[in-house]
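What follows is a pair of complexes built around subunit A, which joins subunit B in one and subunit C in the other.
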Partner chain A sequence: MTGAVMNPAWALLAPVVLGVLALAGAALNGVFVARAEGRPALSGAARPVLEVMRLMRQRRRVTVAADRLLWRIGGMALLVIALLKTAVIPLGPWILADISVGIVWFNAMDVMVWAGMWLIGWGANSAHALAGGYRFLAQAVSYELPLMFALVTPAVAAHSLRVSEVVDAQQDLWFVVWMPVAFLVFCGSVLAFSAWGPFATAAGADIAGGILTEVSGVDRLLIMAGRYALLATGAAFAVALFLGGGSGPLLPDWLWTIVKTLVLLAGFIAVSRRLSAIRPDRLAEVAWIVVLPLALLQTLVVSIIVAVRG
Partner chain B sequence: MGAGMDMHADMDAHMDMDMDMPMPGGIPLASGGPDRDGLEMDVLHVALGPVLPHWPAGLVVRCALKGDVIVHAEVEILPAAPGTALDNPARVGRLPSADDDRRRTVIHHSDAAVQLLALVGWWSAAGRARRIRDEVASGTALAEVAPRLERLAKDVKRSRLLGWGLKGIAADTGPGVQRAGNGDAATARTRLLHWLNEAGRIARDTADSYEPLDFADRQRESLGAIPSLVNGTDVASARLIIASLAIDTSALTTSGEARS
Partner chain C sequence: MLSIIVFSALAIIAVASGIAVFRVDSMARATYALAVSFVAVGVMLVMFDLDYIGVITILMMVMEMAIMAIYMIMFMGMNPALMPMSMVHNNRWSAILATGIFLLLAAGALLVPWPARSGTAAPDLTVAVGEALMGSKMLVMLTVSPILFATIVAALVLANPRGRYDRWGDNLKRVCPDDPQQGGLGK
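Right, the complex of A and B next:
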């Protein structure tokens, strides 16, 4: 599996796969919303497609003295970042760029989300949007360090930051089995950097939609698609780091990767509607006092096991 | 600075480097003011309402913000159109009955719960409350929704995440308010539970032992308490506080008309 050199042309397929996964996530969310509102599930599943058509035709609203350049950059950023992440995410035996620091690449990309979300909040020149942007940063201060340690833990176990080697190291036992805390922290962080579910406070109803208050038309479409894409890449990366990548019986590796990713993505979306939002000021306390020490402890335990086994 | 200069300020900003006050988009920059930490902070004037999602219709809270912290607030209610048929069933050709009153109270309470649950981002619970509210409004028998209201109240009470998220959101407007069982000050959470429990009880009981809805005085009291309750809180907490007061602006505007 390691070191397979791929034709760069396959990079053109990555956005298609990501788009299908993001759309599947959006459709599932639509089904949940429809069911909660007592409408037929199918109408919910079709909702994302209709929403894409609606937003493509919607004229942009622009606020007074908006910082248009930075606003647009922020709006595009989420989707671009998700696409850049796909470079190091294996799909079965294939990986676009199996660089020696793949995990660091993923982490660098999700730090860029900070800038994207904040610029969306800043650019609108609106009090609610700006409050949303700052909220995201406050939340990011809470999730980023636990996320980094959650990313480091599989790398320690695999003796490598190369994603394909982390996958190979799970041939006998998936990492989720002996590093469950790191897995859970990673999943929580995926929700957090996608501003999703209990961590959607940057776009919360209590600040009138926050970063989404003023965005419309194509900008809104890019942001919504970007959030689903970030969720999907997060789920796919969790599959590679913790759920054994493409390993599984009967089906080919690439299909297992997609199946596992879809299951995890569905889990992300299902759990989100059932939880109330966690405001960043509340999150900070728990993240620094409970979650970060737990993540560190997980890394320590894994390191000791690795050292003892040699 | 005259209005004419305001209009030119944007265009000529690159030429008039000596202008002491930049006006991006014709809007003056925020002026400074001392902050509670002893720093100087920009003071931004933002009106919450009259139109916001999950916000009492027609309510305007004019805030002075430092960052996202409210340092001063003034309350106003815009005049409204006459109420709907459900507010006054006599208009649709029948006499008001005790059932209408109970129905109205259940709708009011579950509506209030919808707003607060939506604001805290608990969409599944908000959706349940909304469906109950809509069904009661469209004529479903009250006895049918009672068990669902009770289940919802139980789930809300059991949610630790919600309790944690609403911790410290005070919503005590004075002695007339429903307090927690042990006499503690009312909070957003105790009020939410009170609405759901009351709605469930009223929907189940046929006896008219419910809280009457003509509570314009208490509404006015809640309204008057907003400035002091939201002072020093951030905008999001202020939204939760105001939602937990469940202000019925229609009660206030119509009674205002009647008195004038």
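Right, the complex of A and C next:
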């Protein structure tokens, strides 16, 4: 599948696919919320669409002395970053930009989320929002290094940072089988950089919504959509790195990619609801003393296996 | 032609946002203007086919600036930089120093008789540079790196205000460490 030259016009399709995946994630979350509140599940599934319509018509809330430029940049950043990530994520046999450093590109983009989240918190000139931004950065320094080693591990096994070659290297055996720790660390990091589930303290109710305290209307819509889009791209990238990409029986490659991505995305959303919030200040010690050595050990084991097999 | 236009645009963005660092009145804006400048430089490196270095530059610089913004706001000024403030100080000496150094470097670049290439370029320049740097000096590199690492560890140990005896007691037998702020592992 390497080197398939694509018409750049397909880039226009990527946002559509991403949008559908993000909407599916939001709908599923709506179902869970509706069930928890004892409402019919279908009303929950329709919730995201209604929410989009509501936010599109809502007037912007204005705060005193807001840093409007940085606030707007932060607000649109998450969605833009998710779109930039799709450039290196394969959909079956197709990939928009199969660059030689695809994995590093994904990593660079998820570091951009640091800036985006903090700017959302900074821009409003509101204490709660700023505390949310700081919380996210405190969390980010905890998850980023384990995430980097989780990304490195499949690259070591495939001898390449090119995403298509990582997918090809899983013809015989999916990487999730012999690097489960890296897979779990990556999945946890996806939740963390999307500020989702147990890692959503940056937007926690205990600080009045944190980074989301003052955002309203279209800004809020872009941020919420951006978080779902980041979750979806994270799931899709995990499929490429650990779950064999598009490989599978009967169905075509691209359909397998989407099916696997949807299953993983549903897993993210379902599991997140069962976990309690993790305080960023408590996370640091666990991430650096337990998770990081585990991730390093996983990389070491994989490196030894690769070296022995030659 | 297109690459010249893109490159020029990136160069202008890099310089303009570099200037903006000193013209804006907020620490957050100055920091992120610098980040924009670095990102433009990173993209320019990618245009030179230095994919890895270019993308890593973007990664490192955005990460650095995100953290730097926190420290700038924490430590800068009497009003912890949450209010508008000037990004420049000591203007006259800064201008004199900057002009002087620019003239010095520019004169060096223009006046030094640069040598002409002798011999032909190696087919793979990266490999050639690696061989030249590391080939005959591997032993030195092997010795230097543990020394550097030991220095880092020693410096951290000396600088650490609270060592393990503070945390775990004189016999290191405390059940849970005595920390001013609880971590996730201390019960």
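Keep in mind that, in the parts below, the second predicted complex is superposed on the first by the 310 of 310 C-alpha atoms of A that agree within 3 Å, B and C clash if a C-alpha of one lies under 4 Å from a C-alpha of the other, contacts with A are read in each partner's own complex, and residues count from 1 in each chain.
In this text, a residue touches a chain if its C-beta (ideal position, glycine included) is under 8 Å from a C-beta of that chain, and two chains touch if they have at least 3 such contacts.
All values derive from a computational prediction rather than experimental measurement.
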| item | value |
| --- | --- |
| When subunit B and subunit C are modelled together on subunit A, clash or fit | fit |
| Contacts of A:Ala266 with subunit B and subunit C, given as first, second, both or neither | neither |
| First, second, both or neither for A:Tyr134, with subunit B first and subunit C second | both |
| Contacts of A:Gly204 with subunit B and subunit C, given as first, second, both or neither | first |
| Partner chain in contact with A:Val290 - subunit B first, subunit C second, else both or neither | second |
| Partner chain in contact with A:Val52 - subunit B first, subunit C second, else both or neither | neither |
| Subunit B versus subunit C as contact partner of A:Ala36, first or second or both or neither | first |
| Which superposed partner A:Ala277 touches (first subunit B, second subunit C, both, neither) | first |
| Contacts of A:Leu255 with subunit B and subunit C, given as first, second, both or neither | neither |
| Smallest distance from any CA atom of subunit C to any CA atom of subunit B, in Å, after fitting | 6 |
| Touching both subunit B and subunit C, residues of subunit A | 134, 279, 281-282 |
| Touching residues (chain side subunit A, partner subunit C) in the complex | 67, 69-70, 73, 99-101, 104-105, 107-108, 111-112, 114-115, 118-119, 122, 134, 137, 140-141, 144, 161, 279, 281-286, 289-290 |
| In the complex with subunit A, residue positions of subunit B that touch it | 24-27, 44, 46, 52-54, 65, 67-68, 117-125, 127-128, 130-131, 159, 161-162, 164-165, 167, 234-236, 239-240 |
| Subunit B partner contacts - residues on subunit A that touch it in the complex | 33, 36-38, 64-65, 125, 127-128, 131, 134, 198, 200-201, 204-209, 273-279, 281-282 |
| Contact set on subunit C toward subunit A in their complex | 26, 28-29, 32, 35, 51-52, 55-56, 58-59, 62-63, 65-67, 69-70, 181-186 |
